[in-house]
Structures are given as C-alpha cells and as structure tokens.
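Letters A, B, C and D mark the chains as written, and numbering starts fresh at 1 in each.
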Amino acid sequence: MKPEGKRLVWNEYQKEIANDNYFYVRSCVRQNFFPGAEKTFLRYMKDMGRNVFENPSHTTCSGIGYHSDIVPFETAMTMVARQFALMSEAGYENFVTSCITSFGLYSEVLETWEHFPAVEEKIRGHLRNATGREFVKPKNLAHASDVTFKLRKDISKAGKYRLINHITGNSIRVVEHIGCHYSRMFPNKGVGGAEYPYVLIGMIDEWGGEVIDYPERRHCCGFGFRQYLVKANRGYSVSSSKKKFDSMKPYKPELILTNCPGCPMFLDRWQYAISEMEGTTYGENGQGIPVMTYEELAGLILGYDPWDLGLQVHQVPVEPLLEKMGIPYDPAKKFLDINGNSMGKPKPPSAMKFY
Amino acid sequence: MIKFNLFVLPFSFGLIYIVYSIISHYYKWIKALPAVDKVKLVTGLRTPSKILASLKEIFLESLIHRKLWKRNPLLGYMHMSFALGWFLLIVVGNLESRIYHGAYINAPYYPIFLKFFIHDRLVLFFEIFSVPAFFRFIMDFLLLFVLSGLVLAFIKRKKSRWFGMKTTTNHNLFDKVALTCLWLIFPLRLMAESYTAGYFNGGGGFLTQNLGHLLVLITPGPAVMIAYFFWWSYSLALGLFFIMMPYSRYMHIPSELLLIVFRHCGIQPRRWGSVFSDLEAHSCSRCGVCIDACQLNFAAGISDIQAVYLIRGQRDQYITEHIALTCMLCGRCQEACPVGIKIDSLRLIKRREIGSGQITDFSYLTQNHPGFADVVYFAGCMTHLTPSIHIAMEGIMKEAGINYLFADRNGSICCGRPLMLAGKDKQASELIEFNKTLIRQTRAKLLVTSCPICYKVFREEYNLPIRIQHHSQFILELVREGKIALQSQHRKVVYHDPCDLARGGGVYDAPRALLSKISDLIPSEKECADALCCGGSLGLMNASVQEKDMVTRNALESLLANKPDILATACPLCKKTFSKQSETEVRDIAELVYDAIPARVLLLK
Amino acid sequence: MIDFGYTLTRDRQFDYDRGDLRYYRLVRSLEPSIDLCIGCGSCSATCSAAQFTNLNIRKLHTVIRRGDTTSIKAGLRKCMFCGKCQLVCPRGVNLRNLILALNRAIEQLG
Amino acid sequence: MEHSVIVIGGGVSGMTAAGMLAQQGFNVTLLEKEAETGGHAARWDRLFPDRKKASEVLDFIRKGMSRVKVITGITVVNITRNDKEFTVVTRGQVADGGSQMADIPHPASCILLATGYELFEARKKEEYGYGIYNNVITSAELEDKFRSGSPILTSEGKPPARIGIVHCVGSRDEKVGNLYCSKVCCVTGVKQAIELKEMYPASEVFNFYMDLRMFDRHFEELYYEAQQKWGVSFIRGRLSECAENPDGSIIVKTEDTLTGKPLKMTVDLLVLLTGFVPGRGMASISAMLGLTTGADGFTNSADSHTLNNSTEIPGIFLAGAVKGPVSISESIADARAAAIQIEVYLNSDKPGND
C-alpha cells in the first residue's frame, strides 16, 4: 500500500465546506437507530462555537421512499424544494444534512436542476401551488460528516482522548464505511471522491487511529433499502454484512466508523444476528467489533459521557473500546435514562461475549 | 540295438514341454468357451463338411499361406518354405525312418536326428534309384527349400519393401530369442548332416553329401567331433525354440489351427470379450501387415497403436488407453490381416472395459408420435451439418413421389453408434430404444439414412422388422424402378468408399452403379475393401487436428491422383472432412443424383 | 440459535482461490486441446442434447478450467456423444475425447 | 534553393518520414521535446507478433536519417504561417549549453506533425489501485523490466506465482471518457503473457479481456500459441475493482462472462494494459494552426480515407498516432505515405508539376 498514492487521489477531490451558520436537517430514521448521534453533533458544534439552526417543521426528504421506489422523483424534488424554502425563510444558505441518503438526494436534485433549469422551474411551480413557498438554492451543501471533517483538528485540539490504546500505546485499528449515497453518485461532491473517500479517514488520522483498507471496503453494509425493508430479502441483507465482516476479519479491526444512518445500524445489529444465527462472532474475544457514527466517536474524543452519547443502545458492546481508549464509564448508569430511571435491560445474547 | 545319444535330450525336453503346453492351452481355451460356443464346437466337430473346410483352410493358410501369396509372391514363398518345408521334413523324415527301423512307434527324436544314427555307405551309381537314395534326395531337397526361405527371411530384414512391406513389427525379447533359434535350426541341421555324411562318406543326399566332402576336406580337426558338436547345437536350438514358443509369437502356429476350427464351427467374438478373442490374440504371427495397412502409421506417423501391438497387448494382458482409443476403426487392418483376426472387435472390447463406467441420463427424450409413412428417412446428426444432402434427398423423394417421413427433421437423436465407438454400448442402448420406437411408430416398410454411421448401427444393433437402406441403395432402386429419370453430366467423378458403408456395411456396388449412370466414374488407386478412411472417423478419439488433417490430405492425394472433376462420397462426415482440404469439389452421391434430374439440370443451366 | 425468519444466502461469487483444479489438470493431461477454447459457443449451439436440455458443453468445460466442478455431472450425463460439437469447433478442440476425459475425471475424483 | 521541411515529433513516424524526405533531397529538421529520439518504441523490448527487438527497428530507421537535422529537448512555442511558408519557433537551452532558454525560429515550406500519443494515466482508473497497491503495474513498466532484463518480482521480492493482465485500461471506457479502442493492447497483452510464461513456466497467467481484437496478420496465431504452447488462460470479463491482501497480493473482481458468474481471484502481480490518449502538446499546436480534433481528442485528417495524411491547411501534414492508436508497423507505413504526400506537395509548384 502506498499512502501517497491515495493522497494524490484525495487531492483531486477537494470540497468546499462552509465554516459556520449551518441550516441542519435531521434524518428520519437515525433518532431511532442511534438516538444520541444527532444530539451529539449539535452539542459539539456548539462547543466548537459554530451556529447551527434547526426548523422543527422540517420533514423527511422522502429519499428513503424514493430509493425504495415508492416516491416518484418529482414528488421527492418538491419535498426537497420545501426544505430549501425552510432554509431560505430562516435566512441561511449553508445546508447541512444528517442523513447520507438525504445528502445524495439533495445533490441529485441540485445537479438535475443545474442541467435542466426547466425542471427546477416546474418544481418551483409545484411548491408554490402546494405551499405558496419560494426558495433560494443553498450556497453550500454539506453532509454533517463533511462539517465534522472540517472541524476534526479543532475537535482533537479540544479533545481529552485519542484513538490510541492507552495501555499498549498502539493506534486503534479502525475500519471506515461510507454510505453509498455520499459520493458514489457524484464523486466530486464527497471529500476524497468515491473510490477512496477521505471524510472519515481524515478524522481517524487526525484522532490518532490507524485506518484499515480491506478488500470488501466498497461492499454494501446490508441496508440497501429493499434488501432490508422487504423481510423476504433480509437474508441477503445479513449476507452482505457478513461478506464485509469476513473480509475485514484478518485485519483485526477494533472499531467500525460510519457516516450513514443505515450502515452503523446493520453493521452493529447484524453482528448480533449472525452470532445468533450461526454462532459466529467477530472481533477480539468474540465480543464483536464496536460500530460507531462519527458523531459518537467525536463525542468520545471530546470526553462526553459515553451514556450521554447513547452508546448503551448499541448491540455490540462498546465497553471494550472505552477501556482501550481509557475512557471511564459507570456500568451501573448504562441503562438509566436522564432522570436516573431504568430504561430496562436487553436480554443478554447467547453467543456474543461480554454481557 | 538302442538308438540313443545324450544330445537328443534338449530336443526331447523341448518337445515334451511344447506338446504339454499346447495341450494345456487347447484345454484352457475350449474349457473357457461360453456354453453356447461349446455347443457350436461339438456340433461342428460332428459335421464332416466343417472339418474338411477347416483342414482345407489350415492347408491353404497355415502351410501354403495363400493370403500372403496374393499380397506378395516373395512374402508368400518365404512363409510357405518355412511352414510347408518344415512340415514335410517332419512327415517325410518319419517315413524315411521307417526304412531303418521296424517298430511302429519310433522315439520322437529318432526321425529328427536320423542321419546321426543311420549313415549307410556310399552306394554305387545304379543304386541311385533305391528307396533310401530317393528319401535322401527328397530330404535334402526339402532342407534346401527351407533354407531358401531362410535366406529370403534374412533379405527381408534389410529389404522389406521387396516383400511388399514398408514397416516391420518391432519385436519383444522372447520373439527375438525364438527367432534366432528358428533361424539357427536349419543351418545347424545342414552342418550336422553334412559333416556326418562327409565323415562317414555316405548317408547324405546331393546337398549334404557333397557339402560334407567339401567341409571334411577344408576343415582341420576330427570331423566326427565337429559333427557331434553340430548335432548338439541342432538339438539345443530345437529344444530352446520349443521352450520359447509359448512365450513368443510362434505360439500362433498351434493357436491358428484351433482358431480356424473354431471359426468353421461358427464361433464369433463376443461383445464383452471371450476366450475366442484370447485365442485370436495368440493366433497373431505379428507379421506386421497391419502396420502398413494403417493410415495413422503411413499418413500421420502414429506407429505405436497398430493392430499387432493391440493384439500383443491383449495377449500379454496390457492394453494402454492410448492404444485402445487411438484408432479410426476404419477396418483396413482387418481386411489385410492374413489370419483374419477381428481386430476392430478386439479394440472395441477394450474400449468397453475403459468406457462403460459413464453415467448417462437421456430421460429428457420424450416421444411424440412422428406420423405414418411408407418410407422413414433418417438424415443423421452429421447430415444436419451438411444440409445440402438432406435437401437433395427430399428433392429426390418428392420427384419419385415417395410417401416419406423425415424422422429427424428438427435435429436428430443420435443413432447410438458414436457412443458405442467409445465403448458405451449400455448407454447407447437407451438412444437405440428411443429411435426404434420412433421408427416403428411410423409403420414404414423401409428405413433410409444418409449417414453410413447410422446405417451400420441400424443394421447391426436395431434388429428392426423393416428393410434398412443407405440412400445410395435406395436411390438406385428408384432409378431401376424408373421412379426417377437421370441425365448424365459426363463429368469425371471418383468415388470414395466411406468406411462404415463399404468395409463396415458391405455396400460397394450400389454407389458405383448409381454414379456410372450420372457421370463418368473413374477408378482410384485404392478402392472398395482397400479404400482409405477420410480421417474424420468418429472412432478416433484422441488424435490432434493436425494428425487427422494429415490422414485426410494423404487420402485426398490418392483419390485425386487421376484428376477428377468431382470427388463423390456417400457420407456426410467424409464430405465435411474432405471439403476442409480438397481443391476439387466434394459432393455427396445424393446431391449429384439430385442435380442429374432433368428438371434440375435445366434449372442449373 | 434464534430463527429470525430468514437465513444467510449463499454467495454466487466464485472464488478461484478455493477452486478445485484437479479435474482440469486430469482432463488437460488427457486432452490438451481444452485450452484452445475461445468461448465462441458453436459447440453448444449445434449440440443435439442442448435442444432438449440445459446442457451447455461450452460452459461445462469452461467451469472446469475455473475449478468450479459443482455443476458438471448433471449436464454431462445428457451428452449423446454424437460429435457435432467437435465438427463445428473453430479451434479444433477435440470435444469428444474431452467428454471422455471429463467422465474419467468424475470416475476417479468422484 | 531546396525546400525545408520540419517534422515535429521524434518517434517512429517522425523519424521514418524525416529520413525519407531527407533522402529525397529536402532539408529536414526533426524537433523532439525529449532528450532522445525514438518515442514510445524506445521503451519496448520486443515487438508483437514476431518478438523482433524494438531497438533493431529503431536502428533501421536511424540509418536512414543521416541527412536529417535533429533538435531535441525543445518545445514548440509558436507556429506562424505566411502564405505558403511557415515559421516554427522552438524554445530550448541555448547551444552553448548554458541554462538560460532561447527562442529559435525555423523556416519551413511544410510541416509534418508526428506528435504521437501518450499512455493513459493508469491512476485515473482509481478502482484498479495503480500507484496505491504495490503489485499493480502498467504494461509499459513491465516492458521496461523486459528491456532492462531485470527479474520480474512482486514488491515483496518473490517471483509471481499468479499474474493477471488487464485489457482495455483507459480504452473502450466511458467512465474515463475514452470510447475508442487502443488497438494494440490486446496483442501486447498476449505477447507479454507469453514472455511471462517463458520467464516463469510454473506460473499461472490470466488475461482479463472484453474482446480479443487480433486485427493484424499473425496476431490470432500468437493468441493460439499462447493457449496451446504456453497455457495462458483467458477470462472474458472486465475487472470491476481490485483490493490488496495483507500479504500485498491483489484481489481482482470480475464477471467470468462465459460462465455467467462473478469471479474473485488473488494474483501476485497485476499488469494494466494502458491505452492511447492524445498527446498533451498537440492541443497547443492544434490551436496555433487551427486544426480540428475529433471527439476522441485525436487530430483529424482532411479525409480519413483519401487524404489521411493531409489536413485542411495546405502544407500541414499528419503521420502516425497523432491521428489515433496505431502499431509501430502501421506508423512506419503511414509515415512513408506522408513523406510521399509531402514530396508531391512540394514539387507541385516546380515547372511541369501541377
């Protein structure tokens, strides 16, 4: 492996990312998957002194429906137009999405409008008729991971912990997984392009981790919308994740870092499912490979309390990682809500260790 | 007085051994015969005509070597001088010994070494006409006869072409030893008898007596000792030869006798092999005639798989796959074999041993009723790759107003012979059954095929209750019955006999008769039974394209020697194979006939 | 073990590194012309058996060369051995002997 | 006075044409941007299909160049046209070898553009990981190794047990903007496969191809030889992507389209047959002269059938790969044709010629 080779590729895919004043739109599903992630993003943006604005009347971008073939493109574009309207009305011009699929859809829509202005006009018409709203297209469109990437240095400066095993002093081996809709469709819209995206690698490098490049890096996490949403296809979904785990296994990864709503969900939950289906557990001592969103990881680096980050809802235990990084945590508090009441404990898995 | 001397022992032991060995072989062979064949043998031996026929053939082939005479007089004479000469030496020798010995039964060595025991004085000239002198003369003459053959045998080693043979067999050790003994026997006898006659100044005939005098004169030392030495050597040579015989090719001498009897009793080789094939193997004299007959040898330079090696392998219980599979099964060697061994059957038996294991699944073949007709036409797989042939056939049948049915119009179910050629008879039977039902359902009286490969298997394996014809026979009938009129184009045509139709199916005349009606048929160098294979044979499993091409090229050179306008054949496979390399137009007989129908002639003009 | 109502699907991707080349090596030693195939498909196009079955002789010896021997037996059994394939092969692949060799391989290697 | 001709580009085409024109008595100047003439051919060890030494071909061409004035290590900065005459201005180090650059004008009655091509930048095919994975090299680099006679080893210094050769890298690929076929890669891949087998008879060599375009004489026979004599394997399927194993070997993914299955394979060495792309320098020259280029970026001739060596501009001629992918033998033939065209053009104003 020649790192300089990758750097050359990365240099070809530089991306303009706004520095402040972001209009932030949440993901439809992430709050259910990893409830702490978006909250954490807002928290460290505040800590980094950035201004982020949210509008409660923001709805789904309909990307999930669009990619499941149940929402036509024109409808989707009109939905997107409405989100832009919300942004314009709030007086913002830097649009930041929490969801990769949203980011993909927004990029696709903007690109479409750029090449087919007539379509844009038509959609403006739709929006006007439906809501009477007008909008200005965002000056800068970024994904929250882009923004975090931009702030990675500040975060590590302000950080308490690093991606380093505090006992051995070795860097922690991290596998990064990028959401398909981040840069597959428009390589130049993603940091580092589509083949060797740099957005997460940049954070891992900056925060002291060691990035692992493994053969099935490009393979789907297993979500793929219809793969999972249609129950009959779920076997295919698990198999996709398994393909990735089997491929990364020889590299002994200690953490999987992701930037998409679906990926962490399936890379985390399917490790459990596979362990229950055929007894295979990945990671050291059969404890599984912890999976995190970049927000959660940034939170840990900054020294936020693990349980405030919502790490307790992960299916693969994160404690082994916390111990490696030397991050203190109180096991007793793991399943307590903010008011200190118990949220109930999950039944311990049969195959996966630690619990 | 006792006529005995130590030196007769080697011969005697040898004789006892070979007699024992022959008897035990005969016993083994007859005992191992399948019950059916045993019955045939017994009934055969009760039928005088069959015995006579056997004796006649034994005389003509084993003593006179008629087939070899036909092939090449020198070769015939050489073998005859050995076989007949030696045979007579024994017979006459026995008679001669009677003069000097009253007993009805002599010790077997007595006539052989007679001159050692008997050497009567030199007689006066008027006694020349005495009985002993007569025998002395005959015996010397016969010895000379054998020796002349021996001389030829020597020459043959060097100049085999004079004997009509290009390649000679490369022999194994046993053969070489036995051969040396055989060649020594008669010179040694000559020396022994001559020295004896010379020393005793009598007992010899015109040859031995005079040579004897000469030898005694020119050689120093006691002639009697020298003679004695030669008697020993003579006996040793005979003894050793007899002992070697069962392990060498010379076992063919006794074996062939029994084989001839078996054949005349109607015993045939069996599909999965039987003792008959073993006997055939022992009856091979390894003369090597088959090597010259084999195109793979003289056209493609493959010289290690010919019949003689196959048979040796069969006899010594080893046949390599290479030998079994590398053969076009064209039948040329079989035609040439002076012993008449069924070589192709031998090769197929071996292929069955190798190939029978394969599992097949033809369950996908589903019958739907083909309809009814008087004539069912089966083009054959190969014909589907040369469509002009079945187009012509249909044209002809329409012209003749035949109520026919094109059984395999939409692609054929293989006739089964290709599988059988690979030794997969069991597997083939499934296809055969399928096609049989299909053919029967048509209620046709006649089955016509354009493919000699199909033709052969239809006739030999299908036992259908209806007539089976190759299209050449069928068309000829149509012409004779006046169902189609033909108009000769008077173009020079040479005809190539397809192996499976000619040697394999015995159809030689029909195609020629037909061709002479529509063209000027000219002869080619090798015809009918001697015809060459085109090289495309489905029997040849593992030769390279290059080697096959060499066979084809060679056959073409021979066929086109007389510069014909058209090379005609009666087999789609031959046509396809030749077309690949032939400068001259290659056409199937059916196409030529079709184009000779007046209406077509106009059309083409 | 828990039944989630779905199971892992087998990977269709063929891993050459895990391929079984014993069949190929044996067949190749018996019929070297197997290497001459250019995948034109004329053999499978003319195949009599292929009119009625899913036998694809071209695919069959291609998978052997890749070490993928899972699917060869069923197909091979349908072959009628008529030899048309061999007559149309533009590369002179000796298909009939190739089929004999394949059967030999199956006999020996199971 | 004799006409003077300027040939731009010192590759096979330029050298051949320059030599021929000089032999016809014109005073010919050959301009080459590199320090040496020979162009891409100088990188080759042996040529397809007969494995002739490329150096022998170049030596042959050089023999004919005795009367050619060769200027190397310069760039063409300007070309002006005055009726039938041209002036080519080159920039390069001054004759006395000092470091400062000087612009020198060269008058010419006509110009032959033999600027050739460049190899596709393999890095652009990111998914193959050239420049990232140690054991991914280009066919040109492999040719360098053959030429230098240095052993061909993996980055771990081991002889490769399995080698993959990827066809159509940068050719017939909309994803890198090249729809055209580079023509010579197929046979090059077959040639190099044979040479690798000669070097490592025990190794497995796989060619991954979309089509094998054995367009010229003896090419198909070479392909046959590769299969029959050398046992080179051919898999019909374009590589989708590569990845690196911990041990440095390369995992390639493709569809074995002849079996209809996606296929994965580990190779110790992966050779990318990089295709032709238009020469970078040619863009500026086209601009100076107002020549047109096709969608593929190669320079257009006046007519692709009848005026294949001429351009719309009288006195400007084309030869060789400036017009698109060609083999060395084709370049030579084309250069000779161009030379004759030029001769006819220059003699046309002489009395008796019209």
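Everything that follows uses one rule, which is that contacts are C-beta pairs under 8 Å (C-beta built on N, C-alpha and C of every residue); 3 or more make two chains touch, one makes a residue touch a chain.
In this text the structure is predicted, and so the values were computed from the model without any measurement.
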item: Pair sharing more residue contacts (C-beta pairs) when C-D is set against A-D; value: C-D
item: Centroid comparison with subunit C (C-alpha atoms), farthest chain; value: A
item: Central chain of the complex, centres being mean CA coordinates; value: C
item: Computed distance of Cα centres, subunit D from subunit C, in Å; value: 40
item: Geometric centre distance via CA averages, subunit D-subunit B, whole Å; value: 66
item: Chain centre separation in whole Å, for subunit B relative to subunit A (CA means); value: 86
item: Rounded Å distance, subunit A centre to subunit D centre (Cα mean); value: 46
item: Contacts with 2+ other chains: residues of subunit C; value: 33
item: Subunit D residues counted as touching two or more neighbouring chains; value: none
item: Contacts with 2+ other chains: residues of subunit A; value: none
item: Pairwise chain contacts under the document criterion; value: A-C, A-D, B-C, C-D
item: Complex contact set, residues of subunit A against subunit D; value: 1-2, 5-6, 8-9, 193-196, 213-218, 250-251
item: Footprint of subunit B on subunit C - complex, ascending; value: 30-31, 33, 46, 48-49, 51-53, 73-74, 77-84, 87-88, 92, 94, 96-97, 100, 103, 107
item: Subunit D-facing residues of subunit C, complex; value: 12-17, 32-33, 35-36, 38-39, 58-59, 62-63, 65-66, 68, 91
item: Residues of subunit B that touch subunit C when the two form their complex; value: 325, 355, 357-362, 364-366, 381-382, 384-385, 410-414, 418-419, 422, 424, 431, 536, 538, 541-545, 573, 576
item: Residues of subunit D defined as touching subunit C within the complex; value: 212, 224, 227-228, 231, 233-234, 236, 253, 256, 258-266
